[in-house]
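Common to both upcoming complexes is subunit A, partnered first by subunit B, then by subunit C.
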Partner chain A sequence: MNVPQVSLESLAEEPSVSVLRLSGDIGIEHISGIVQRVDALPENKRAHLLIDLSAVGFLSSPVVGALMGCRERLSRKGCSISLLSPRPELAEKLELMGVNLVFRHYRTKEDFLKDFRWEAREESRKLQLQIPARAGYVPALRHLISGLLLCKGYSSREAFVLESIVDELSNNAIEHGHPPDKKFCITFSFDKRHARLAVTNSCPELSPEEQEKVRDKFRNPRVESDAFRGRGIALIKKLSDEMTFHVEARKIQVVVTKLREEL
Partner chain B sequence: MSEPETIRMEISSDGAFLPSVRQFVSDAALAAGFCPKSAGLAEAEANSLWIGLSGTAPGSLLRLDCSFTENNSLVLTLSDVSSGKVHGMRTVRGACE
Partner chain C sequence: MNEKQMLLTIEPVKDHPAARLLRFSGDLDSTNAETVTATVQNLLQQGARDLVADFSKLRYINSTGLGALLFANKKTKEAGGSIKLAAVNENVFEIIEIIGANTLLDIYRTLEDAYAALK
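Up next is the complex of A and B:
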């Protein structure tokens, strides 16, 4: 093991992230060096401290306690803190001590950057699907959209709204679009604040009058009180914050935007 | 199934998405007529392809092609959208013995 070292530097990819790099066996004698550096970090709500443990062989319990204290003081400044790449033996020890319940921890720097950019930079996530125009695939689509949203912190209610919208739009594309290429396309993007869904399908050539008729269905969806079906567009309009549509001779696209209700 | 069908998915390379992608492959296989056991195998193969990735760049997009072939098989191909590099390919038979 190398001589124990403690250093603090900025992360090249994200200057607002400071990296506390520890190496060797870190014991009680290193606590003051760690605390001094961490406490000198300026107050900044977008700041983050990443503790790189990839070169640490041993981390004593008092050091873990000191890091917990640092976390407490940093959170008062608005900064967040997480751990990077502990070796398997150290990771096991930290888990036994319950440290993984207190600190977020990442296996690689790339994993950290993905999460940090989602949280702090509000980076979006994207999904694009080309899918055969068969109703049997729609439940799979619903689960997929819902699963992606839930794992990034959307509530069950928000996920259900989006999966209902994708269900209605996909079924419309399949049943009413009759796409000659027998497929349709879904483009979905979302970040911490909103989700945007576009469903596009080709269609047999529509005359200008037929195009206008389709536009009218989107503009003024009529719901017959005794009908079992035909509520899709009205429902989508009610559930979404914005719905736009583009009707061309051979293509129909519906775009829906939904803002987060619970942040 | 009368003719081959392909689902093309392009998705942000976020490790948190793996369970949903796995589930999608399984659901799609069932919808394509696979038996539950084969759909489960397809899910496991999708998992193995994704787990095998190492250090994809933040913000990058992955492409997963699910091709249901005429001989009742599913071919899964995982690649990188920007470079086109194929990370792996797996084939699963659709019919349970």
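Up next is the complex of A and C:
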């Protein structure tokens, strides 16, 4: 059996993250060492403590209680705390004790880093796709966008709005762009504060007058009250916080930004 | 019609022989809006005058779907009837409202309210 050890160090990939590494069987005799190290962490709102349990064979209930206390004191300093890679038997025990309801826990360091960078660094996620220019592909695309947003904590209303925007932009590219290469490109990026969507399509060559006509359609969308189609651009403008467009002889790109309403 | 995205069923309405209940479920979008248009035209040709659309299970609508509703509104009015939307969810209502179609369409809180408004 390994000699029980307690150590504290910075995470190489994210220096504001301290890693409390525990190994072997951790019992009541280790509590003071753990508490001393954790309580010595400086006050820092962006700091995080990751408790690496990957090498722990046994963790006694008093230690779990002490970690709960550490969590409480750290949260008063503005720091957050999570658990990393408990072995299956320990994970089961922690779950039975309800620890998983109190601490965020991650299976791998990579999972933790992804989440930490999203939460603390407000890192964005980005997706770029080329889609066949057929209406039948659009529902899957908009469900994908909506699902990604819901997974990252956007509300169902926010996801619905972005779903509507991607739907209207895609249908606009298909129905009005008539892309000769039969596809359009979507670039979607989002973080905790905003989402940005760019839809680009090729088009049959537009004369300068035709280009200006397209720009005018984006600037001043006119809606006939009983027309079957033609409300998409007006809807996008009202749902988004910013809409810009770039019209060239053979290419049209529309870029929409939507700020989050519910942070 | 995109069968996976939207289901549309038609039922008679008790005590209103010239009315039909259209139950929508799923998403009304560019892949199936024309089916709605064709269905409405068929019903009117068969003698229906009033249509009641139950939206309680309609999750999503886009501008083309809304165009189909406005088309149905126009055609039923030309036939001396109306289309009444009932139980519209919050997100779908917002799309209808943003486009300004809430001033053109008859919208009711419940199916019972829509039935009560049939002449």
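The rule is short, and it goes like this: the second predicted complex is superposed on the first by the 262 of 263 C-alpha atoms of A that agree within 3 Å, B and C clash if a C-alpha of one lies under 4 Å from a C-alpha of the other, contacts with A are read in each partner's own complex, and residues count from 1 in each chain.
Going forward, a residue touches a chain if its C-beta (ideal position, glycine included) is under 8 Å from a C-beta of that chain, and two chains touch if they have at least 3 such contacts.
For clarity, every value in this text was computed on a predicted model and none was experimentally measured.
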Clash-or-fit label for the pair subunit B, subunit C on subunit A: fit
Task: Mind working out whether A:160 is in touch with subunit B, subunit C, both or neither, as first, second, both or neither?
output: second
Field: Vertex subunit A, arms to subunit B and subunit C (CA centres, degrees, nearest 10)
entry: 70
- request: Check the residue A:235 against both partner chains and state whether it touches subunit B (first), subunit C (second), both, or neither.
  value: second
Message: On the A-aligned overlay, A:117 touches which partner chain: subunit B = first, subunit C = second, or both, or neither?
response: first
- prompt: In the superposed arrangement, which partner chain does A:108 touch: subunit B (first), subunit C (second), both, or neither?
  reply: first
Query: Taking the superposition as given, does A:193 touch the first partner, subunit B, the second, subunit C, both, or neither?
result: neither
Task: For A:168, select first, second, both or neither according to whether it touches subunit B, subunit C, the two together, or no partner.
output: second
- prompt: Just subunit B (first), just subunit C (second), both, or neither: which does A:132 touch?
  reply: first
Query: What's the minimum Cα gap, in whole angstrom, linking subunit B and subunit C in the superposed view?
result: 8
Query: On subunit A, what residues does subunit B touch that subunit C touches as well?
result: 136, 139
- prompt: What does subunit B use to touch subunit A in their complex?
  reply: 5-17, 19-21, 23-24, 27-28, 31-32, 55-59, 61
- request: Give every residue of subunit A touching subunit B within the complex, in rising order.
  value: 13, 108, 110-111, 113-114, 117-118, 123, 125-132, 134, 136-137, 139-141, 143-144, 147-148, 151-152
Field: List of subunit C residues in touch with subunit A within their complex
entry: 2, 5, 27, 29-31, 33, 37, 60, 62-64, 66-68, 70-71, 74, 90-91, 95, 98-99, 104
- prompt: Where on subunit A does subunit C make contact in their complex?
  reply: 135-136, 138-139, 156-157, 160, 163-164, 167-168, 171, 175, 223, 225-232, 234-235, 238-239
